[in-house]
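For reference, chains read A, B and C in written order, and residue numbers begin at 1 within each chain.
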Amino acid sequence: MNVRLRDAQPGAASQLEVPARALSGEKARPLLQVDDVCRLFGPEQGCQEVSFTLYPGEVLGLVGESGSGKSTLLSTLSGRLPPDRGRVRYRDGADWLDLYAAGEGRRRALLRTQWGFVEQNPRDGLRMSVSAGANIGERLMAQGARHYGRLRQCALEWLRHVEIDAARIDDTPETFSGGMRQRLQIARNLVSGPRLVFMDEPTGGLDVSVQARILDLLRNLVREFDLSVILVTHDLAVARLLADRLMVMRRSRIVESGLTDQILDDPQHPYTQLLVSSILQV
Amino acid sequence: MANMSETPQPGYNFAYLDEGSKRMIRRGLLKAVAIPGFQVPFGGREMPLPYGWGTGGIQVTASLITPEDVLKVIDQGADDTTNAVSIRQFFERVAGIASTTRTREATIVQTRHRIPETPLEPGQIMVFQVPIPEPLRFIEPSETETATLHALSDYGVMHVKLYEDIVRHGHIATCYAYPVEVNGRYVMDPSPIPRFDNPRLHMSPALMLFGAGRERRLYALPPHTEVVSLDFEDYPFEIQRPEAACAICGSTESYLDELIVDDAGTRRHVCSDTDYCQARVKAREAAA
Amino acid sequence: MDAILKVSGLAKTFVLRQPRDTVIEVLRDISFAVFPGECLVLSGPSGTGKSTLLRILYGNYLASGGSIRLRQETGWIELAGADPRCVLAARRHTLGYVSQFLRVIPRVTALDVIMEPALLRGYAKEVAQAKAEALLVRLDIPEKLWSLAPGTFSGGEQQRINIARSFMVFWPVLLLDEPTASLDGKNRQIVLELIEEAKAAGSAIVGIFHDAHARDAVASRLLYMKDEKERAHVT
């Protein structure tokens, strides 16, 4: 069979393609607006002078070494740690919600419906003593789902999404491997159809072979569900694979930001150059 | 018939507690009645019995009781167990009030783990002894966090527990202290009554008061309050049907205790509510 | 016909801070325009910044100065200094890039790698798959490899996967960095055909071809690039 590019001509292509709307409509409107956020525990410890805009469907990587303030920034962005100064605003439909000016109830509701948080250690993000099915169903139950059969159907569907054998639905995560636990945690977060997911070193504690699987899974899920992600990682290979763009943190400040491959292939800031040149080539 | 006691024991204030403490508890109860199902903290007093024996219930009763009241005390439905007898005698001595074993005659019924079979009437008060008032405690050890969960009606985790029940047992296996939603707002632990009694909480004409002595919490169901037992649409709340008839009165309607009566393991079922059972026996004898 | 890509006064200087400050001027005052349906070949000795120029056009390297204007469906955009979202959107819809090397992602099969650009544009999966398979056949990749991750493939196979991926969809602007470098004569010929087809379909192509035969076969015009001290000029 011979491929002819005739069907790839602009006219013909329009029958196959979704019209290019990347920068128009819903996607053109920011999802998260961060203005001069500062949370310090000591001089240059924590994060400061952080401002950026996140758009729907964007995967933003926060990279930098330990102690650079990545995790503090993530906590502040995700509603877990009020900033000393500055504002985090989230667009919920047509309304802008000031995260820390909003009530606790609104913030929590947001955290368990439109947002997700994938912890580095799945023990922190899962209920270890209840079954995988209940772990997945909890967000739905919190939103009022009251049909056991449908909750199970949904749990089974999500186990499939994260490549966990359906037969394990009634087992507790205590009996799961580290990689399975992490995949279960991902399912538990995504079941509510969040628009924005925070991830703190999601592959941090895992073996390399297990990491690859999680990364592949995350890549596909991000695309399939059109998620916006803010990802903290110190692993630049993970950042390259998952992130559309990067912010490089050093001593509580963003020192450089830009397109992921541009930051990694043509770093401008001396610190980024050091960081990138320190990667071992395999 | 109600037993009339002698005058109160000298040297004690009426109903043991000093008037200031009673007023404090009554204030707590008023708040509890005003916010059905909400746990009100109170400054629990030392009572002359150990925690776990009904110190919460006894303080509630002490703060409410008047010389005109008639008190019934039951433990697992029975009027004649040590705990029930001791508490009844306690109030007879320190308050000089009348006591009874008849549900219909009582103005206040203090109870551990049951609601009487005989339907309650307007004007009656149920006082429940509560060991652990917090329905969320099993999953959340932090008091600050459970208070927040209540404040935000963030109760998804209660259904996680029921979901797990179905996973493990094929049905909701929680038999005691079956959680309820009160007045469409607060989730409440009804104390360790069997879930058989849960429907009696709903729209009860009697006032229901709950006292937890060790945990120092009060909560309440005002009369005619909507009380819904939590469940799933496809696994609706159901009460266990009695497995047998009562060996004494023949009732097939009441909540039964199972007794092993001999070394061969012979089992008998008898009414847990002794007053109800005896009343049925008397009625049968009278009819015969 | 109007140009689709207009480069003017483009400069690139690398400033390396590690291990000590080093300044390397690679490109200076590069200007050219590319039109739909033509192939502009960057030529000149190695070290004159041909690959660097392609990478800047793709947004992979930052321009140090000058302007790169790209005509999209929605109008002209300035790529130099553009927001990452703009660059990503341009990469999704307008700018295609074939490098010499395939970036292998663990566990992702050859077929999935190839289908990805089409799926990103919203092709139905069946349509994308049929097209990907046809390309694999045409590029002579044995069927048993299709569902394997290309990490273990030979250099030539990986490069053909990369090429198949790039020719899955129509690119208004296609950047080619030695697409035929490690291919045998037969496969090189197929790639040249694909390039001709893309030109015929209206792609504006900017490419680097070390192989003179390939260059002569596809080039519409040459952009001759000299050492950094000299001026690049279009012939």
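Quick note on the criterion: a residue touches a chain if its C-beta (ideal position, glycine included) is under 8 Å from a C-beta of that chain, and two chains touch if they have at least 3 such contacts.
Every value quoted in this text rests on a predicted model; they were computed, and no experiment measured them.
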item: Chain-level touch network, classified as line, ring, star, complete or other; value: line
item: Longest centre-to-centre distance from subunit C, chain (CA-based); value: B
item: Centre-most chain [mean C-alpha coordinates]; value: A
item: Centroid spacing, where centroids are CA-atom means, of subunit A and subunit B in whole angstrom; value: 49
item: Distance between chain centroids, defined by C-alpha means - subunit A, subunit C (Å); value: 30
item: Intercentroid distance (Cα basis), subunit C paired with subunit B, Å; value: 78
item: Multi-chain contact residues (two or more partners), subunit C; value: none
item: Complex contacts: residues of subunit B adjacent to subunit A; value: 139, 148, 151-152, 154-157, 159-160, 163-164, 166-167, 231-235
item: Sites on subunit C touched by subunit A in the complex; value: 14-18, 55, 59-62, 72-74, 84-89, 92-93, 105-108, 120-124, 127, 131, 133-135, 137-138, 167, 169-170, 172, 194, 197-198, 200-202
item: Touching residues (chain side subunit A, partner subunit C) in the complex; value: 1-10, 13, 16-18, 20, 22-24, 55, 58, 212-213, 215-216, 219, 223, 241, 244-245, 258-259, 261-262, 265-266, 268, 270, 273-274, 277
item: Subunit B partner contacts - residues on subunit A that touch it in the complex; value: 104-105, 108-109, 112, 127, 130-131, 133-134, 137-139, 141-143, 146-149, 151, 170
